[in-house]
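The chains carry the letters A, B, C and D, assigned in the order they are written, with residues numbered from 1 in each.
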Amino acid sequence: MRIFFHAERCMLCQSCVLACQMNSIGVSEVTEIPRDGRPLQRMAFIFSHGTPWVWRCQQCLSAPCVEACVTGSLRHGEEGNGVVHDRETCVGCGSCVLACPFDALTPDENDDRVTKCNLCPEEEIPPCVKACQSGALAYQDPRLFAQDKRKKFVRDQKVHRETD
Amino acid sequence: MKQTEEEGIKSPACGYGLMGLCCSSCLLGPCRISPFEGKSAKGLCGDNVDLMVAKNLLRLVAGETAGGLKDLSEAVQNLGALAVKQGARKRPGKAVLKGILEKYGFTSRVSVNRFAHYLLRESQKLLSPFSGPESPSPLLSSLYPEGAFPHVYRDSLLPDSLTSLIFDALGQEQNESSAVEAILRKCLKISMVKFISEELRRDIDYLTDGDQSSEMEKEALDVVQDLPPEPLPVVVFLVRDDDLPEEFMSRATKELRQRLKGIARLIPLNNMRGLPSIGRGFFRKWSLPVNGMSALAAVFSQSPASVLGALMCGFSVVSFPALPIHGSEVVERFFCKDLKEKLGSAYVHPRGGEVLPAILEFLGEKA
Amino acid sequence: MSIFAGGYAGQILFVNLTDGSIQVKPLEREFALKYIGGRGFTSRILLDEVKPGIDPYCPDNVVVIAAGTLSGTPTPSSGRLVVAAKSPMTGGIGDANSGGYWSPELKYAGFDAIVIRGTSKDPVYLWIEDGRAELRPAQHLWGQNTTETRQLLKEETGDDDIHICAIGPAGENLVRYACVVTDEEGVGGRCGIGAVIGSKKLKAVVVRGSLDVRIADPERFKKTLEDYRKTLAGEVWTETLRRLGTPNLTAHRQSHGIWGAKNFQRATIEDYEPISGENFRKKFLMKPIGCMGCLVSCKRYSAVKDGPFAGIYTVGPEYETINALAAKPYITDPAIVLRAHYLCDEYGLDEQGVGSTVAMAMELYERGLLTKEQTDGQELVFGNSEALLYFIDKIAYRKGFGDLLAEGTKIMGERLNADYYAIHIKGLEVDATDPRKQVTRALTYAVSTRGACHLRGNPYIDEFIKPEEAEAYFGTAAVSELEALEGKGKMVAWSEDWVTISDQMGLCKFAWYRSRSFPMLIKRGLELAKEAFTSATGLPMTNEKLYECGERVYNVEKLFNVRQGIGREGDYPPARFFEEELTDGPAKGCKLDRKEYDRLLDDYYEARGWDKKTGEPTPEKLRSLGLE
Amino acid sequence: MGRQRIGYFEDLQDPEHICSRCHMCELICTFHHHQVGNPKRSRIRLISLDKGVDVPVTCLNCEDAPCMNICPTGALYRPESDGMVTVKEDLCIGCAMCVNACPVGAITLDPVDGMAVKCDLCGGDPQCVDYCPANVLKLTDAERFARHRMRGFVKSLQASGEEG
């Protein structure tokens, strides 16, 4: 399971980022946000050539960061589910930051460690996906994600033909 | 006005919206200033968080009120047509009519026609966008007598012209950060407009059509009648918006009544409109303004204007859903702290969107 | 990792619905070698698990679902599935066979077979994914039609790549001939397995798998594939089957006069044209459909575009559908046939069961043995299509007269004192063809272990076998003569064992076990099947041993039936075939002769090595097959 | 000859030349590449919609291939200027960016080894084309496809002419 992003459905509202930040400081309601909160940067919203993109860890299956990690605090999750980062053993050496092709690991501002998206294992659906109102973020198996795309493709094709 | 109404009433769905940061005022799209970016954060338009929240609130309140004003001006037109033709189509009930006449400072011997002419003239004056600050208007001072609503006069929150206030609010841009408070005061003024226009319209409708909705005022007065002779220290009013489903309200009432048993008296009200009448009734009964008695109104309403209106009637207010103001510290402080110092009653912020803890907190402070 | 180099998933799932326990046991090599898979597994497991004389609906009855051995491999037309239990119709072994995509998916999910015991308190469905299984509540699915069930399950799981084997309302209401419906395409129709599953309160079995089914020797397997493709290309009727599907056979039945129409009172259909395969193709066919990896594609995807039934999209009809829903009740409107077919699929009803019972009721009504009061005021005469559609609904929900119809012909005959008009063998309705013209066909139907069935043997080998081939295989050239009886018992026994192989392997009988020449038949059905088996599984196998496996399974089934009290008397066709001659068509005047039939049955028992009096397999025979 | 790909050519007038949902393409694809049976690993996937619509979907071999452009490690590349985009497996890190980017879902992660998989035309002799019993899969290029459409257009003109 991973987080996928449908750029065409995104309404640029950035609720996902807010939800991620709120999760990182441990609040679930916007009214509870403390004034001096310092959230972790695990997800961000960027524009790339005019297309919106939700920047986050891609949870690579043979992740360079895991190979680069000197303490073994980055490892692959069970059943190939994501890359797990263990805060306790992380020494913040930054090797992973150098290795990651997506720059998805950032220094944790609160201490000398790095942080990354861990797919919020304590939740059934990651809060960012839950916060997305337009369905632009999807928490899915890559296989199902591709399958849905194919289905959409076939449906579009058929509609196109029927209206020809 | 219609457009503002449509845009203004939408309830926020995302986190930014709940915080009051969901700005849609420029066509470049939402800036989504993060609450974590602190004071330095500025949107595309150059506004900081506080201004943005305040302006958004103003837009919401004004948009909503604009709709109500439109109804009032229609009602006034009807009244004009009718006043010339002498009297209502349907004769109004005597008891209610008496109540209405008294409210405006008339004795019951005055002819309905004369009263109608008075109402027409004064409300036209209030509605005119060109009417100057010749305040206080005699109509308003009879509806909101100084004894019952002293805070309105002390802080000059009583509006003079209804329409120009709205135009003013929707048209002008104020960029200095010191203007936040001015904007918020305007919010309060406008939400009063909403209450005034609704009440006026109701009374006019009653005169012209014999509309039964004025009976609701009686309900509010009955509530006051039922209160014990000594002013209670703490009363919680549970106020419901018309749009909310019955089921939801009855569930909330039941739950709150259970939890507040032995702590405070709980009085459910079926609509917002009775609140000014209750203010007047309190004064008549105990010669005390509401904000002198620290009564709390728990308002269940989608509309911020109603919430602020309740505040202007002298109640301390807790609302569900909460006002979209968590995004700005300044705005929150204004409503929750500054107002208390000035008016004696204030907004009680339901942390986490939960009403009950907020009520308990309020009660605990008072007890 | 299974102990097999390929082919098998290597695991069997045991589910007990009473206490909800789920166990996974490894498949043993010896067991696999002895029984191959599919029907071999189901029959053997049933023999071990089901006690004699139990009520088919009691918790002690066991439902076994097994995928064919080659299911899941790229072997063409190998996606067949066997669902078996003690049948509520025959009281003997009951198995239903269905194509489609479910069976391979079960392999991909890591199982060769599922054994379901007990009865659940509340409706459940079984979810299987990649070696794991769980029971999930199915309260919301109970009472739903099969299409809706699939829809709901797909919505629930958020994946429409899952494969679902479900029962309809008919199975829930214990209609005796309820079937199991796999996906959109497959129907495991006969023997009322749907009712047994319904009695267990199991609504569906849903599988999703992404595990590999390995191939032990890819190169050899590839060669076999190529070889099979070439062989199939040389077959004349492959093209016809693709063009017309099984409805193609209607022409054959009409020209030979063996329709079994009007509850076997007629042998041809006067107004045949509308229900011919050609007409179905012309009017309704959208495209042919193939099961998993099928190079033949005999299934039809049909749509009714106009008329009162416009908007029906369904997979079908098959030849059996046309026989059951058109010929038997004597209805010749193809749109009605499709509508009825659609309803049967939706409710999970065996079409042959519906057609036969309604046809029997029609005959009884015409003969005055049923009154209008008894039939809910319906004018139940042959050709009344409204009554047919009316009663499909009533049967599925067991309402009114439908309650009796839902019991099947055997019980209906007993209740109405009209046994003679109940055309069944061992309780299972005689399907498509009238066997009076060809006594070997009658024998195949009668001795079939699951009751009357045209798929348990190939009685028409004599139509194309050459004398020298007959001499070599059956010891006498007489087998190639149509009229002669000599050696026919052996031929039937041989063909039975031989098509059993297909059910074990999961191979399609049309694509592998039908041919126009005997050598081709042997090559595809035995040699290529063996090649595919050995190259896929890596297990040693020879033609002779494979054939023996078929024979073993057939004997196991016979043993099961004998234990449940079905002896020689169960191996007779219904009385009507002995008493009444065919009255029309090319086969006019044909009927079965009791003496001739007895002789043939003796012959058959001898060829089988079974006791002639009781029909029981002799101890020597069992020993030689390794069945002590 | 332009860039080749596997095309789906159905003839709605002729039922025998419409995909017959047999999944042979998937089976033979997986068998050819992995020597096992498992359609979930196939590079061509059959998409079945309701009302009997079945369309096999595989890589379209886009000119400006999004999968190739977005790949952070260069694991997706075109060996020849006109050829198929192929996966260099030792470079693939399984980040699923290509899965996210592909407009038709033709590229996915292998459920077994987690690497990106996509159609490689079996090195020029596509097995699915070989085995398709309905003959609806063909090795094609843009030119051929255009010609096919033209032929269909002319046929429809003819038909309408006859009717008229």
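A few remarks follow.
Everything that follows uses one rule, which is that a contact is a pair of C-beta atoms (placed from the backbone, for glycine too) under 8 Å apart; a residue touches a chain by one contact, two chains touch by 3 or more.
Since we're looking at a predicted model, the values are computed, not measured.
In terms of C-beta pairs in contact, A-D outnumbers the other of A-D and A-C.
Subunit D has its Cα centroid 30 Å from the Cα centroid of subunit A. Put simply, the C-alpha centre of subunit B and that of subunit D have 64 angstrom between them. Here the spacing of subunit A and subunit C, counted between their Cα centres, is 51 Å. With centres set at the average Cα position, the gap from subunit C to subunit D is 36 Å. Not a single residue position of subunit B touches two or more of the other chains. Counting partners per residue, subunit A has 143, 147, 151 as the residues that reach two or more other chains. Within subunit D, the positions touching two or more other chains are listed as 40, 111.
Chain pairs that touch one another, listed by label: A-B, A-C, A-D, C-D. Against subunit A, in their complex, subunit B makes its touches with residues 13-16, 18-19, 29-30, 32, 34-36, 322, 326, 329, 349-353. Within the complex formed with subunit A, the residues of subunit C that make contact are 158-161, 210. Every residue of subunit D that touches subunit C in the complex is listed here, in rising order: 15-16, 18-24, 27-28, 30-31, 34-41, 50-52, 111-112, 131, 133-134.
Interface residues of subunit A facing subunit C in the complex, by the touch rule stated above, are 143-144, 147, 151. Subunit A meets subunit D in the complex at residues 2, 4-5, 58-64, 80, 101-102, 142-143, 145-155, 157-158.
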